[in-house]
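So, here's a batch of structures to check.
Shared between the two complexes below is chain A, which has chain B as its partner in the first and chain C in the second.
Our next item is the complex of A and B:
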């Protein structure tokens, strides 16, 4: 058995939508202003994507680059590739003011899937899900804790802090209870 | 008697009989009934007792405005008091009991208050219970509390689930009558995203009962067609059983959807609280009929005229065989006509107006109904139900002209627009003389962020009453468009009647109820006015008018009209009380939503949490973290466990889950400069690979947080914060970087949760790490206050040689995902060295023995580092740091400040937590002067005696002095001032 354990060991709940804890995923917090020289090339080298614009998520295969704030990005890649990616970023951004740090273990990641998956999030986040465009990320509140999510073809990926993974799993399961569909 | 008719009832399904119980009595109703309709169908006219006088009370209304017919609903986990029968949908198996009586509804001892009512006037509580002062707490309050309250308090945990949901729309239309439907149609056709909600299970409002004709067809057909059209539109969301509780700034509206009230236990959430954000709110909330104030207007069987009509048309229930109608307007004639057409008797219509000539009175007369103008009710006869009315002239003082037997009275005093949503966020009202009502002043709406109207009203809520006007108003509110043609009977002018008869003497006024639920009468409001209450808000509180669970939906306008009359002031000058959310009560479960039991609040758990739980650790909250306080073994008390853990750490080796410790990366060309401003000492000159303890203060100079800082590389520092402080300190850093020093090149990242951090503490700590192997942790390679990266037992680890216990100590950070595996490896490696885990209490004792301060114990937001003898950690060389200027203020620089000392009792006992050191004399408030207090106090298992730290005036200059300290019982004890470092003063043990 691997000594690497995700926050909830892959917990799952099947209601009117399915909820599952996934991961661990490799994640890097990259802080840099968008006009930093070589930033786009550095992100491309690590994720294969372009630099995400405001509130956008860029995907290339199993890698993701997400905009988090005017000077912060979240890079997602396989867990085992983080160390090399950090080295690449350090190399490409040498001499430029930036901060790249491994946060793979500081996060829990969930998938919410199914035709009604959005309704699960509508119960927890004060975000307008109908206005969430494909490839758009929302940093928001999941009931009482911070979280971020984005949608793809089969559902939503939700990221929160690792220590509250149990709480968020409880929220998602409560919200996906069969019979509690909103519409 | 009230009864079910054999025909009719547009909402009931006679093929779906349902059984329920009221006070244990089995009754039958039909699908589609409200509980009130079903009770009336079973001739249950007496349904409760009033709050103060325990008067018999019956059903008055047919909707949310009902003040009387409240019941205790359900049993066990589904018990809930004060449920309005008029809005409760009947379901098979429903159980309910009436409220506020003892021993029974029919025979209630509390009714004695009724006969003593002249001794219980307005302001009774204020006048009676004010003297003597002590008696309130010990005598009056317990008695008042015992007799107060209508329903019973639920005793069991709520069996149901609740949830909340967020939604957004351009236009929220509240109310499913013809106005709401027309507004929704108009807005939806204009392409707006529309939510349409209705508080009941049915659509159409009054129009479908009153027989309006819209576009040439009965209103019901138009309503059904409109609903079908809306249901087919993708930009429209429709919700019935959904009540808009309150409107707030920026289009925020709370809506309570009663998902499963009518199907309890079916697994669905019982209520869902929608937190809606609307671009604009259209309140098509209709109007509420006003009662008339005549003597005995609270006797069961006296009902609102429109409610009598509703029960007849919707549920085929007759409130009585013989119903007297009393009115000041034409609308009530609809009730007389409907009753007559249903084959029931209407002995007389008493119209307070001198003459009537409208279309409706003409139809009533044509049906053979006797209409008496200029007449009033002198009094209603009966006790637990109406038996008749005494008739008098409205213009007189109540001399009885005639008595008529009847078993129901239908009254109408005109209509009040439901303006709650308009008023909640600031919409103004104006008095409309013609209708005698407060209606929205459309020139002064509640204002949205863009200066436009946040709320518009539509239909009867705007103060218009005819169907044609309602539809036109709704269309306009929704942006304009085609208005459907509508016809209904033309109505003559109403005439305000606030007291009936006009010159009623006090004996009658004392029996005219304004607020049925709180027992406020016309005479009470008049008394308040005589006693000097001129403000309607003050009168409300003095008399309790409008303060019951119905919030004065029936009583407010009548009450303030009586007040205005008593003050000889025009009604608009007296004004209304404030409309506050919720419109009708929202159950606490809906407000709590999902936040209960396991997900009541987020609990933060470390990667090693499951191990702690498996070891039966006693957990304590630290911020939102769950941390082991101690690990009691079989038969051990917590105190014994803490002593064992401390001793074992001092003699062998202990293991602590320190993952909760805050960890913030600070990086950039200006990071050193930044940290020199944040900390009181210098961090910029810390060598790479080394650690330094630092203090952070706020701008006022007060100590805010502490921790060890490690220099990672030329550009990067890692700042440890307290467990509870990581988010706060990270935000503090970002605040300074984003708002003040925005041009400094510094980035921060909170990596607290990236690492599991484990402290291995004690004389054998090094042996445990060497057993794991992988890196050199010797004194020479890794001396005290240094750190190194390496591997331990195959784990990538960062090892800090820091100590919060005074022992040889390593704090080891590994990735959180490997935290549990690393902990297990340590536990296995430490077994042969007698290693035991220790909890937060052991940590506290260990640090107190060493005289280390703890943020939150030695500090409380009023303590500066200098108070704690931490001057050595304050740079004298730096030009500035956060808090420096604050600390130079005279009060903080005073030599008289209380300073940190160690404290010991003379007999080795433990000083109680919270003890103060009294000083001679009294302060200006007559309290004893003090000269110090305990901040931390423990039994030291290492030293075998009580030890404490405290802040004492004069501090260590008083070393060796004995002072008094208080015990909890008020007695005092002798305490000696000693050095706060009780153990290993030279620090040899941590530096090996």
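Our next item is the complex of A and C:
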């Protein structure tokens, strides 16, 4: 098996907030309506969290379950555990209308940390960062590409497509230039 | 700037997060219809000055299509609603009639 590499090899930029590419992380796109029988139990078995409600992110240690749309969830877990997790989902949701796909290698993940981390995103996304609640995921536009982010105690996690990882790293680095703080 | 609330995720999405899909509630004329009917379905749009029903897609968010009622003259948004319907919800129609007494309705 070839060696797993993240999109940018852990690139990092330190400005008024620190930007770093993290990963590789295991990611599963789970498409199912919330009323599918056994869905909550299946998600719990994989991530250890409850089924996220509308626009919510549920975390348990290094595992995350996020609400992406009325019939789509994103499950984040260690890269090596994806295969087992897919088997668990297939087992728990057998016979139910659902789709679970490994998208780990299709995505890039960034961390934006620091007291002023929100300002890095305020410049790039048409989203109201001040209205973003803790544990809320916001899918939006990061300059010209699609992305999603959510906040935790130390900063933001941002997910985008791997094909635009270099572009997004450039955006975040430029947005975090020292001296370009908004307030 | 146009802000529309996506009825599926509850996000107040800004115009650039959305894709416009043209006029809503078109009746399709397909095989078996007359040439005039098909031409009207294909090309003729109301393009009113005032109340307009539109299709929008939350392209940078949940990806779902939804419908919106807004005023093309003032950009006032009357409301948004899910696309699984063939006509605007009654309460929204009432709301628009209250705000625009001279509006002739959807027909």
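Simple rule for what comes next: the second predicted complex is superposed on the first by the 181 of 183 C-alpha atoms of A that agree within 3 Å, B and C clash if a C-alpha of one lies under 4 Å from a C-alpha of the other, contacts with A are read in each partner's own complex, and residues count from 1 in each chain.
Heads up, the rule we're going with is that a residue touches a chain if its C-beta (ideal position, glycine included) is under 8 Å from a C-beta of that chain, and two chains touch if they have at least 3 such contacts.
A quick note: this is a predicted structure, and the numbers were derived from the prediction, not measured.
In the superposition on chain A, A:105 makes contact with chain B only, while chain C stays out of contact range.
Of the two partner chains, chain C is the only one that A:69 touches; chain B does not reach it. In the superposed model, A:138 makes contact with chain C only, not with chain B. Of the two partner chains placed around the shared chain by superposition, chain C is the only one that A:54 touches, whereas chain B remains out of contact. When both complexes are overlaid on chain A, the residue A:182 reaches chain B alone and has no touch with chain C. Set against each other, chain B and chain C differ in how many residues of chain A they touch, and the higher count belongs to B. When the two complexes are overlaid on their common chain A, residue A:163 makes contact with chain B while staying clear of chain C. Contacts of A:36 after superposition: neither chain B nor chain C is touched. With both structures placed on the common chain, the touch criterion links A:45 to neither chain B nor chain C. With both structures placed on the common chain, the touch criterion links A:126 to chain B and to chain C.
Comparing the two interfaces of chain A, the one with chain B and the one with chain C have residues 126-128 in common. Residues 161, 163-168, 237, 266-269, 272, 275, 277, 594-595, 598-599, 601-607, 624-625, 665, 667-669, 745, 747-749, 751-755, 795, 815-818, 820-822 of chain B are the ones that touch chain A when the two sit in their complex.
Residues 3-7, 24, 29, 31-32, 71, 97-99, 101-107, 119, 122-128, 130-131, 143-145, 161-167, 170-171, 174-175, 177-180, 182-183 of chain A touch chain B in their complex.
Only residues 54-55, 68-70, 72, 126-128, 138-141, 146 of chain A touch chain C when the two sit together in their complex.
Touching chain A in their complex are the following residues of chain C: 8-14, 16-17, 60-64.
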